[in-house]
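Next come the structures, one after another.
In the two complexes below, subunit A is the common chain; its partner is subunit B in one and subunit C in the other.
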Partner chain A sequence: MMSALASPTMLIAAMALFGIGGVGAVLLRKSDRLANYWSSAFALFGSVTALVFAVSMLASGQTFVAQTTSDSFPLLSFALNIDRLAAFFLVTISIVTFFCSLYGIGYIKQYYGRYNIGYLGFLYNLFIVAMLLVVTSSNGIFFLIVWEIMSLASYFLVAYDRHDPENVKAGFLYLVMTHIGTAFILLAFILLYVHTGSFDFTVIQAAMPTVPAHIKDSVFLLALIGFGVKAGIIPLHIWLPAAHPAAPSHVSAIMSGVMIKTGIYMMIRLFLDVLQPAPLWWGIVVLVIAVASCVLGVLYALTEHDIKRLLAYHSIENIGIILLGVGSALVFSALGMSGLAVLALTAALFHTLNHAIFKSLLFLSAGSVIHATGTRNMEKYGGLIKLMPATGLFFLVGSIAISALPPLNGFFSEWLTFQALFQGIAQTDFYIKWLFIGVTAALALTSGLAVACFVKAFGVTFLARPRSQRAEKAHEASAVMIAGMAGLAVLCVAVGVGSSWIIAQLQTIAQGVLSAGDHATLVTVTSGHILSIAEGFATVSAPLLSLLLIAVPLVVWTITRFGINRSQRVTTGRTWDGGTDLTSRMEITSTGFARSIILIFRGLLKPSLQHSVEYEDAASRLIPRSRSVTLSVQDVYRRYLYRPVFIGFIHLSHWIKNGIQNGNINAYILYILVVLLVMLGLVGVW
Partner chain B sequence: MNSPLLVPILITVIYLTSIYMHLAKKNNGVAGLYALQSVALVLLFVSSFLANPTVLLFLVIVVSIIVKVILAPRFFNRLVTRHKVKFTVSSYANTPVTLIVIMFITAFVNSDVFLPITDLSASNSTYVALAIAAMLVSIFLMVNRKSALSQIVGVLSLENSIVAFGIIAGLEQSALLQLGTLFDIFVWMLVATVFVSMVYRHTGSLVVTTMRHLKD
Partner chain C sequence: MSYLLWIIQIMFVPLVAPLGVGLINSLKARIQKRRGASLLQPYRNLWKLFYKDEVISRDASFIFRFAPFIAMGVTIIVGACLPIFTSTLSTPMSDLLAVVYTLALGTFFMALAGMDSGSAFGGSGSSREMTISAIVEASFISSILTVAFLSGTTNIAVMSAGLSPGSGNFLIPIVLAFAAFCIVLLAETSRYPFDNPDTHLELTMIHESMLLEFSGKRLALMEWAAANRLLIFSILAVNLFFPIGIAHDQAVLSVLLGISSTLLKVAIVYIVLAVLESTIAKYRFFRLPDLLLVAFVLNVVAIGLVL
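Right, the complex of A and B next:
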């Protein structure tokens, strides 16, 4: 039974289901309803099939390899290699796409009559297939083809709601950035090909001892930039806060939940597997980038009042947390501490899974809110918990998970990351020890700020009173959308409670990637599901913690209800307002909530505060009619990094237009002559 | 190539005509030099035909004479007459500088750098180098001359040099391909004639520097 489920037929079946879903949606494009149901249903079937295949692969522990080589076109070789790491990412992608497809059935209805639903269904299924192939490919050229398909499909999905010029602009920014990233990846693969004679990852890995160190270093830097763009690391992240909000919400959930993880997957695959052994400085570079991403990501999230941009910045933050694990694994691996490397990589993999689940949940919840209120501006929300109780509950679950509060899944992966960093402090020498101390402090700061940010996001959105007419008339999401969110919310709890078992499985994957063997085990799980790090350095029991967190409020409530307040009657009346009418204008806003924190970090965020007053009588300026405060934050990356580059390109373009491309045909032929002479000369020299 | 005496003479003629095209002051003179160069090329074909007579190669010789020796110079002369541009031959570099550049090109082609290419036919390496030099000198004609007519002749001369290079280096293409190329040249000449006439109507000149006004 297991071998049948883990057979390649299942993977082919999954691909075929997505294919039927995509092509069928195009054929049924005349009917919005049919195209939606068809594409979503096949995406659901495809996701389940891929999930069953991946889970079976993980359970059986086998590796699936498929390869075809063409003698006529050797560069067009096709190669798949599904080991435990690839299977894990398949599981992650399939889980998220399943629930997003379910949610999409209801969400897509808002586009009926406005956009082509068949086109959306085709791109959506193509996007998922490309992601699945990205994490299973084992040949550089084949990888680049599916990577490009993934990027283009996601670009068209970002720009799908094309009536809004901002979405088109965001799509273009994404397209430019992703192709800059692809150019770097291409260069990395070409360098590897030149020195190993193959694009096949297995061959490259085998030939690695013969590759000079400076070439490996160059490949590392090129790949870090190339995959870093997709992952959204700072400072290559600028497309992410623009593109993720622009896409339909169930697509945003997939992009933020799993697409950016394909960049992480390739970093793990290359840096910790194919290019090993790696020097120490690779790990240090990754750690520095990780710290910048997690701290600045959460700070920028705090400044946002656009709910989807806020979530997008949190994706940058969480990518930073994942990279803390990857970077630590690289450092430990370079120092020969294979047990610690396994621990750090396990933490990174676990946070990858958790972030995929809770971030998808948050994007879907945000999508329901936007669908109900027609705006992404949190200042226009308020009081939605009364009108959208289910959505509010799911957003709260996602918020608790992303804030790393027990007993949900986010807590356990961050806890594990902390343990890896603590071990770094305890077991390394002076300089590396201080590096880990700094990194641990940064993660602690990030965690605190994340809690503050989600207190703001949940409070401003769901609590108090509605601050706009649209918010007053908001309605709960449809049943199928609730089902999509509910599934992910249940997973947040289930993965948290069952974290010890999952961590044990992920440890096996990490051992396989690092070729560490069973002896490299720092995480042990006792019979009581108690997770123990480094022989008792730290322990935690997810079931016990969950039980405690349920039992304590229950006991308090029972004592209060039946012990202390047994004879008291509860009456509900109006809130005391001190003689004034309580209105929504008295509520703390998103900007007001974040102001104090922004001012603490003003050196980094460069905020600007503008006060404006409108008077009843402009001439006398005695009685103000209204006062407003505008707090805005400069995008330092755009100003100090991208803008100078942009200006440089403009100057270069002018120079080319006026100097080289001057309209004189003689000059153009001269360029041809010079290039011809140089090329002929090079042929002679080489 | 079985005619040891004829080949050096013909390739030298092709090379020298490409140089004289730089020195000619009248457009008609340039057309005449192209006709002479084409005759040399046809004789190279004849030399091949004598060594290996085939009907198709004979056809190539006949079509080459019609297109390259008769029609192309005739079209060219008609253009000169119609637009009264008999003496409008002007160049960027003066004659001494032009000759120095040509000397450098020829020296560069005969240097060791070009050995991998000239050794394609080891016994004819000097003539292969001359053919390459003729190619580059033809391109330089297009760079140096301001008149559109000179540029058209430059393209045609470049094509002659490439064919000569192919024959001498042993990279001769099939007769059918040669016929296709000749047909291509014929159509290209027709298009170029129309194009040049249109440009002249718009700008009143055949100097290519005035064509930059066509950009907008």
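Right, the complex of A and C next:
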């Protein structure tokens, strides 16, 4: 039974289902409803099939390899290699796509009559198939093809709501950035090909001892930039806060939840698997980037009042936390501490899974809010929990999970990441120890700020009174949308309670990636699901923690309600208003809430404040007609990093146009002659 | 015996905490040349509030209704995980990070409840509270981490068993980490110079402004939870950094010694707090990060000295 489920037929079936969904949607494009149901239903079937396949692969522990290579046409070569790591990412992707497709059935309805639903269904299914192939391919060329399909499909999805010029602009930025990334990846693979003679990952890995160190280092840097663009590390993140809000919400959920993880997947695959053994400084570089991404990511999230941009910046933060695990694993394996490397990689994988779950939950519930209010601006929300209680509850669950508060899943993966860093402090030498002390402090700061940011996000959106007419008329999401969110919310709880079991499974995956045997086991699960690190340095029990956090408040409630003063009268009254009329303008706003934190970190965030006054009479300037204050945070990356490069390119192309490409045929013939001579000379030298 | 110890362990924080608030208030009154209320006044206040009727804002949602129970429940859970009088009662709940984040869960719901009623005070109080607790968290974790590395475990209940008392090498990092932890204590429990626990003046209050809309039983629970929080941090301060007198076995005599030494040490902390609050002024809000930075630097030096 198990072997039947784990057979490649299941994978092919999943791909076929997505294919039928996509092509069928295009054929049914005349009818919006049919196209929506068709494509979403097949995406659901495909996700379930892929999930069953990947879970049974993990359960049986086997590896599936398929290859067709032709030497004359390397472009046609096709190679799949599904080991435990790939199967884990397949599980993550298919869980998220399942619930997003379910949610999509209801969410897509708002596009009926405005856009072509058939093409949306086609691109959506194509996008998922490409993601599934990205994490299973084991050949550089084949990988690049599916990677490009994934990028292009997601580009069209980002620009899908094309009547808003902002979305088209965001899509273009994403297209440019992602291709810069692809260019770097291409260079990395070509370098590897030149020195190993193959695009196949297993062949490259086998030939690794013969590759000179400086080539490996260049491949590392190229791949770090290339995959870093997709993962959204700072400072390569600029497309992320623009593109994620632009896409339809169920697509944003997939992009933020799993697409950016394909960058993480390839970093783990290359740095910890294919390119091993790695020098120590790789890990240090990854750790430094991770610290920058998580601290700056959460700080920028605090400055946002666009709910989807806020969530997008939190994705950057969480990618940083995942990379803390990956970077620590690199450092530990370079120092020969395989047990610690397994611990750090386990933490990274667990946080990957958890972030996929709670971030897609948050994007979906933000999507319901946007659907109900018609705006992404949090200042226009307020009091929504009374109008949309289910969505509010799910957003609350997501907020608790992403803030790493117990007993939900986010806490346990952050706990594990902390343990890896603590062990780094305890067991390494002087300089590396100080590095880990700094990294630990950065992670603690990040998680503290994340709690503040989600108090802001949840409080400003769902609590107090509505601050706009649209918010007053908000309505609850439809049943399928609620079902999609509910599934993810339940998973947040279940993965939290069952975290010790899941961590034990992930540890075997990490051991497989790092080729570390069972002797290198730092995480042990003792009786009663108690998770224990390094022989009792740290222990935690997820079921006990969950039980107590639910039971004790309930006991307190029961005693206060029924034990003391049972005849108490509870009346509903107005909030104390100090004698004035309390309007919704007196509530704290998103900007106001985060202002003190922004001012504390003004050295990093560079906030600016502009006053402007318009007068009734420009000449006398006595009576102001309107006063406005503009608060903003500088985009330092565009200003100091991207703009100079951009200006440089403009200068270069002017120089080429005026200097070299001057329209003079004689000059062109001269160029040809020069090139010919140089080539002849080179041949002579060879 | 063990059951009895567990009962003492669980009941200790909620039962003793109001007494501590009474001690601080009466000491402050004495310093101000007033006679002040009795030490038991906080218990009477709680009794009074529990028997009052209650008004809930019509703008408030279920968050406002449930936050007091969560806030109180969290302090009871964490209170039961502490090394109060013995290092022999340990559960996996006593993990350093589990304790820190469980407390943060209480703060999370309290801040949301502050925003829930839609008053201007509640929102600004939540904003200030979250600002301080966001920055203080790194110092909180790292000051206890210093002791954890010295004793070889992050389980705070048994941490003191791993420390051999009187060993000279530990003294400097422990004193530094303790100094840092004292700043964390003042920030996390809303005392001077971070917050003024006595005032309802809108410009200065942080913690109190989140509670403005609460009344009756819910206000009683919120105030009780705040008192518990103060006791939790005081016990952490004295029993993690200076575990003198704490029982390492379950014999009656050592348990009694443990309880009395903890009461004595916590009383000293409370006396210092009362003197501090009578002699210094509250800091301006934007000067607080400087103080927290001091705490952070102390911690980094302390951890560096341990290893």
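To be clear about the criterion, the second predicted complex is superposed on the first by the 660 of 686 C-alpha atoms of A that agree within 3 Å, B and C clash if a C-alpha of one lies under 4 Å from a C-alpha of the other, contacts with A are read in each partner's own complex, and residues count from 1 in each chain.
Operating definition for what follows: a contact is a pair of C-beta atoms (placed from the backbone, for glycine too) under 8 Å apart; a residue touches a chain by one contact, two chains touch by 3 or more.
Only a predicted model underlies this, so the values are computations on that prediction, with no experimental measurement involved.
Enquirer: Evaluate whether subunit B and subunit C can sit on subunit A together after superposition, giving fit or clash.
Expert: fit
Enquirer: Students often get this wrong, so check: with C-alpha centres, what angle lies at subunit A between subunit B and subunit C, to the nearest 10 degrees?
Expert: One gets 150 degrees for this angle.
Enquirer: Have a look at where A:L463 lands relative to subunit B and subunit C in the superposition and call it first, second, both or neither.
Expert: Touch status of A:L463: second partner only.
Enquirer: In this superposed model, does subunit C or subunit B come into contact with more residues of subunit A?
Expert: Answer, by number of touched residues of subunit A: C.
Enquirer: Quick one: is A:I672 in contact with subunit B, with subunit C, with both, or with neither? Answer first, second, both or neither.
Expert: The first partner, subunit B, only.
Enquirer: Based on the superposed arrangement, let me know which partner A:W557 touches: subunit B (first), subunit C (second), both, or neither?
Expert: second
Enquirer: For A:D577, using the defined touch cut-off, is the partner it touches subunit B, subunit C, both, or neither? Pick first, second, both or neither.
Expert: The answer is second: A:D577 touches subunit C but not subunit B.
Enquirer: Touch test for A:V176: subunit B only (first), subunit C only (second), both, or neither?
Expert: Once the two structures are laid over each other on A, A:V176 reaches no partner at all.
Enquirer: Going by the contact rule set out at the top, does A:N664 touch subunit B (first), subunit C (second), both, or neither?
Expert: The first partner, subunit B, only.
Enquirer: Classify the contacts of A:A59 with the two partner chains as first (subunit B alone), second (subunit C alone), both, or neither.
Expert: neither
Enquirer: If you take every C-alpha pair with one atom in subunit B and one in subunit C, what is the shortest distance in Å after superposing?
Expert: 60
Enquirer: Which residues would you name on subunit A as touching subunit B in one complex and subunit C in the other?
Expert: none
Enquirer: In the complex of these two chains, what residues of subunit A are touching subunit B?
Expert: Against subunit B, subunit A makes touches at 662-666, 669-670, 672-673, 676-677, 680-681, 683-685.
Enquirer: Which stretch or stretches of subunit A touch subunit C in the complex?
Expert: Going by the criterion above, the answer is residues 382-383, 385-386, 392, 396, 400, 403-406, 411, 415, 418, 422, 425-426, 433-434, 437, 440-441, 444-445, 447-449, 451-452, 454-456, 458-460, 462-465, 530-531, 536-541, 544-545, 548-549, 552-557, 560, 564-565, 568-577, 582, 584, 586-588, 592-597, 599-600.
Enquirer: Over in the complex, which subunit B residues touch subunit A? Could you list them?
Expert: Per the touch definition, subunit B meets subunit A at residues 92, 108, 112-117, 136, 139-140, 142-146, 151, 208-209, 211-212, 215.
Enquirer: Mind listing the subunit C positions that touch subunit A in their complex?
Expert: Its residues touching subunit A are 50-63, 66, 69-70, 72-74, 76-77, 91-93, 95-98, 101-102, 104-105, 107-108, 111-112, 115-120, 122-124, 126-128, 130-131, 133-138, 140-142, 145, 148-149, 152-155, 212-213, 216-217, 221, 285-286, 289, 296, 300, 303-304, 307.
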